[in-house]
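Once you scroll down, you'll see the structures, which are given as structure tokens.
Note that subunit A is present in both complexes that follow, paired respectively with subunit B and with subunit C.
Right, the complex of A and B next:
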């Protein structure tokens, strides 16, 4: 099974231009997303590609050097594709459910490219095929008959057996509460050991407690922001403790309108991610500017969560009001990321 | 009758629109770009958040519109260049850029590395032509179009942010002949090295320019190693009249490490026991066979850095079964065990191991004991001490002690 999986992975890989010594063996595992167009302009599976850079742009892929000896001999080329396609596990289907949370049509540009080929100029469109890239077509005359296009469902599959088994960890909870009384910040700063107050810098007292380890901003209006907790319950307990401190200082503080405003989680998918490819296939949601920030900013629509995705596979999820949104966002992004797993 | 405020806005808008056109001219962009950039600026200006923004932000917005236009036409222009031209802070530029892209709902294509490399060399052609003009006329007419541009930016168009103004391609008193290089050869090799860096995870998530600097340096060195191995990266940048970006040395080391790994897969290089200096002499060979060598030298581990030993054995078997036809080695002798093809950040050991915290049993409704709260309060004595200390501090700062 592992061997088949390996061939499936190879099948998905973009076959970049091979040099003159390229053996009729495995194609190079070039670091490109599997959604690349897979067009072979030679029906001879043993053909070797020219390594010229210009030609790489023309020939976006090839099926030439993949060893399909595991398939029965009587299969034709087309049937070979079909078989390979059919034998894909749920894994691939999950990969192909592109951006289910967005419910938008798949972008037409599928050439994830190395960023070295022109990414989205209009002349490169002629090289790109619509729909999913895993056509494995041997005849470039019919680039539209993509067997996988019909398989890709638009709704996310319930991750039963193909769950990521990775649970994002909550790192920070931001909550607010209303103490419902006017506060004398100078008095608080004087009588509380754990408070700092620099009115010239910021118009609130910054207070900290050790357990749960949190920080609070307490304003003279009686409103309070509590940050740093690792769970909703801890955030609530911490906020109550701050209210108690303020009470003990002689103010008629109450504890009203406690609300979680933001939750931040993080996790690690443990494989590298081609951010350049991801920004191409999910343009509507992604922003990747390496000149500004090393991570890709993915704005998921449903649930409304912002994800920071890094090349190392680490993912930060933020903007949630409830922890289920974090989990749901991760379950949505995981299959997309797995699609870019190939080096 | 025009309201004074409207007039003010009108004037400031017009002046900014003029700046957009000026910037396009300084950058020598095609004339069609000007109209697009101006249109973007006008569109942005319709948003109240932009209209009410500070002058600095409006000025930075000029650069943002030009950048977006360039990106949409695949015209390689870095944010660093624009910030230098506008004397703007990159943070401010970054915030405004992200804001305007979101506000206008734009799809901005990524910066194309290959085009960026090519631009360096084509700007050299301009610089060569310009320097010929300079020499003959003795005047600073670096760009004919700039001469009639009365914008203050005309003077800012100096070599330092013309990417590589590559004085390497012309002889001069300060440029020894052995350091001169053919532009086309250098472009081609730099492109190949940048492509290699991209394939081996050295580009994703990183600033693009330092990679290009490092690649250009290696390309230049490898074209005449005997004469150039002694030249350092810093000296090369000086010769080429370009800034040395800080990460370039690190990119250079990473690229050399990749080349060394690839060299281990070539039998005739294996015996030479190459190091980071000597490998430069063989870069042309390595680049020629780079696809095969990367395949052989590296393997990806789906489970990342965990259990590499089992991975190696499993993969090793698989590879031999399929048959690496062009293996130069006898069956018995294996090449160096393949390294993991991963981004450098994944290859380094983790700085600190963060253990998963134990599942919290906090409900949020626990009782809060008085003693716990009182630990945070000052005793009356402490309050007095604190007040005294504060008063003393205030007295000290208000009347500073004589030195």
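Right, the complex of A and C next:
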């Protein structure tokens, strides 16, 4: 108990010194190790405070001077004598004292002041064990008796553990490239296999290759659009093949500025979705006009992707420049869709 | 009792010269549409026939007025501009129409990007189709706008209350359905006049007219027909709610119609008619709704709408 109080005072002194942003006049005790760390990082009190919490919780048996009001009464009772001790310490630190059983205000104010989120302090809370120096031993058990359910995260984030096991498949990739030379479309159309050219309808040659199965629009300026590939590599390979075809026909074609313009992916969540509910709650992002189009059009802001969501559970994602955007968009929408599952 | 209510409409129908044996009838599609808009699971056939009648009459009248406008500007076809001109008085409905047109543009843009064949088709067609409707609407409203309030509608982002109420009603309806019923509901929602464009064209029967509507004008007419049906359902539901007498509640009129429906749907019985389906909208509801809509109330009512001179209050505009 004595040791506890000693550690506590040391810790609180340190906190107060930190407040003043002046180097503490405390002898460096090895248990509270990062003293030198503290000195160097005095300009970054927040990080130090965090590391303090970690150290303190490991070494002093988890007693850190932070807000325990969330704990149920039996636990706070155990801390009561300690809170009494603490309140003395608080006076030094110039904080508002409140009734001991309820709160320890200063550290929580420090929390606020240093911008800690309550989730990080709650993490340290979860390891609190009143009156026991051997935190290591007790840390595994204690969390069972602590009401972890009452620790609520501040930001309404979807829990990471519930990731969907579904991976969207890429269906179509549109890319452009520059062959960097003027082309005679008529000559290309005459000599190349699988090429269409109808100048009255459209001012480009439409060429197709079988492997990878793609279609290209080749313009007289030398620019080219390649569609139909199912992966980035295939799109690049196909574009190169078209460039080679043009080269073989005698033009000085090069392969410049290959860029993927659009990627389309699709997947199936395998449950029916109640779109009326989704369009009502996510009004600012969704449009649903079943007379015009059977799918709900969802414009996600981050990442900037358009999703077409159908009643059957099929989802089409488009507008991506990179594969990761499609995956991210799907992971974002999946929990929302689960909420509107039609049983 | 209902004859006087029906008389302005029945005279209109007789004047439209419609034969009793019409070849094309949308009655069955209308029954599905009524279900998707908030009616019961099996809407009455009589209601569908009556609604078809009303919509047909109103559309024919609208077409005639649009043809007049078209003639005024010396055009050979009825184009979307004429219809937009007729709707200029009612901002909310005009805004809804504009939003519909923009959504059509947006949807074709997206769907084009997904399917590579569509992309090629679009390129081959040569014209720049993106935002075609939006451009037309913007140019036209620009030309007729005197006070700037029409153009302000493009930036306006207010919530459309009517649409909101419809969305909420649909959401409430679907919440209690199981997945089979919900699949049926979704299919009904996808029905529209624009899906059956050729049948719609025949049904409208513009052959007797000198000036005919072009493709985009037909799109808008199909939309207006659907809007008319939706308006009729909204009003009929209100009328039905009013008909249920609730003892002791002085503010029953002030509470929103959909709210009451939700809470007392179990108790609401048909106030008129002895039909077995107590939930379905009855023809008397529709007639009463039209009567109230066309009823001139207030000192300035003769001057409020120019279209009433035809004896008809248009539901869609």
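Keep in mind that, in the parts below, the second predicted complex is superposed on the first by the 181 of 343 C-alpha atoms of A that agree within 3 Å, B and C clash if a C-alpha of one lies under 4 Å from a C-alpha of the other, contacts with A are read in each partner's own complex, and residues count from 1 in each chain.
Everything below uses one rule, namely that contacts are C-beta pairs under 8 Å (C-beta built on N, C-alpha and C of every residue); 3 or more make two chains touch, one makes a residue touch a chain.
Computed from a predicted model, the values in this text were never measured in an experiment.
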Just subunit B (first), just subunit C (second), both, or neither: which does A:245 touch?
first
On the A-aligned overlay, A:274 touches which partner chain: subunit B = first, subunit C = second, or both, or neither?
both
Examine A:172 and indicate which partner it touches, taking first as subunit B and second as subunit C; both and neither are also allowed.
second
With both complexes superposed on chain A, which partner does A:290 reach: first (subunit B), second (subunit C), both or neither?
both
For A:206 in the superposed arrangement: first (subunit B), second (subunit C), both or neither?
second
Does the superposition put A:325 against subunit B (first), subunit C (second), both, or neither?
neither
Comparing subunit B and subunit C in the superposed model, the one touching more of subunit A is B
Partner chain in contact with A:311 - subunit B first, subunit C second, else both or neither:
both
Both subunit B and subunit C touch subunit A; at which residues?
272, 274-276, 279-280, 287, 289-294, 311, 342-343
Residues of subunit A touching subunit C in the complex
171-172, 174, 201-202, 204, 206, 215, 217, 227-228, 262, 264, 272, 274-277, 279-280, 287, 289-294, 297, 306, 308, 311, 316, 318-319, 342-343
Per the touch rule, the subunit A residues reaching subunit B in their complex are 2-3, 6, 16-26, 28-31, 51, 53, 67, 114-121, 169, 190-194, 209, 211-212, 230-237, 240-241, 244-245, 248-249, 270-276, 279-280, 283-284, 287-295, 310-313, 341-343
Contact residues on subunit B for subunit A in the complex?
73-74, 78-80, 90, 94, 97-98, 101, 107, 109-115, 191-192, 194-195, 198-201, 203-208, 288-292, 294-295, 298-300, 302-304, 306, 314, 318-319, 322-326, 341-343, 345-346, 356-357, 360, 362-366, 368, 370, 372-378, 382-383, 386-387
Of all residues in subunit C, those that touch subunit A in their complex:
36, 100, 103-104, 106-107, 110-111, 113-116, 119-120, 123-124, 126, 167-168, 170-171, 173-175, 177-179, 182-183, 186, 189-192, 194-195, 226
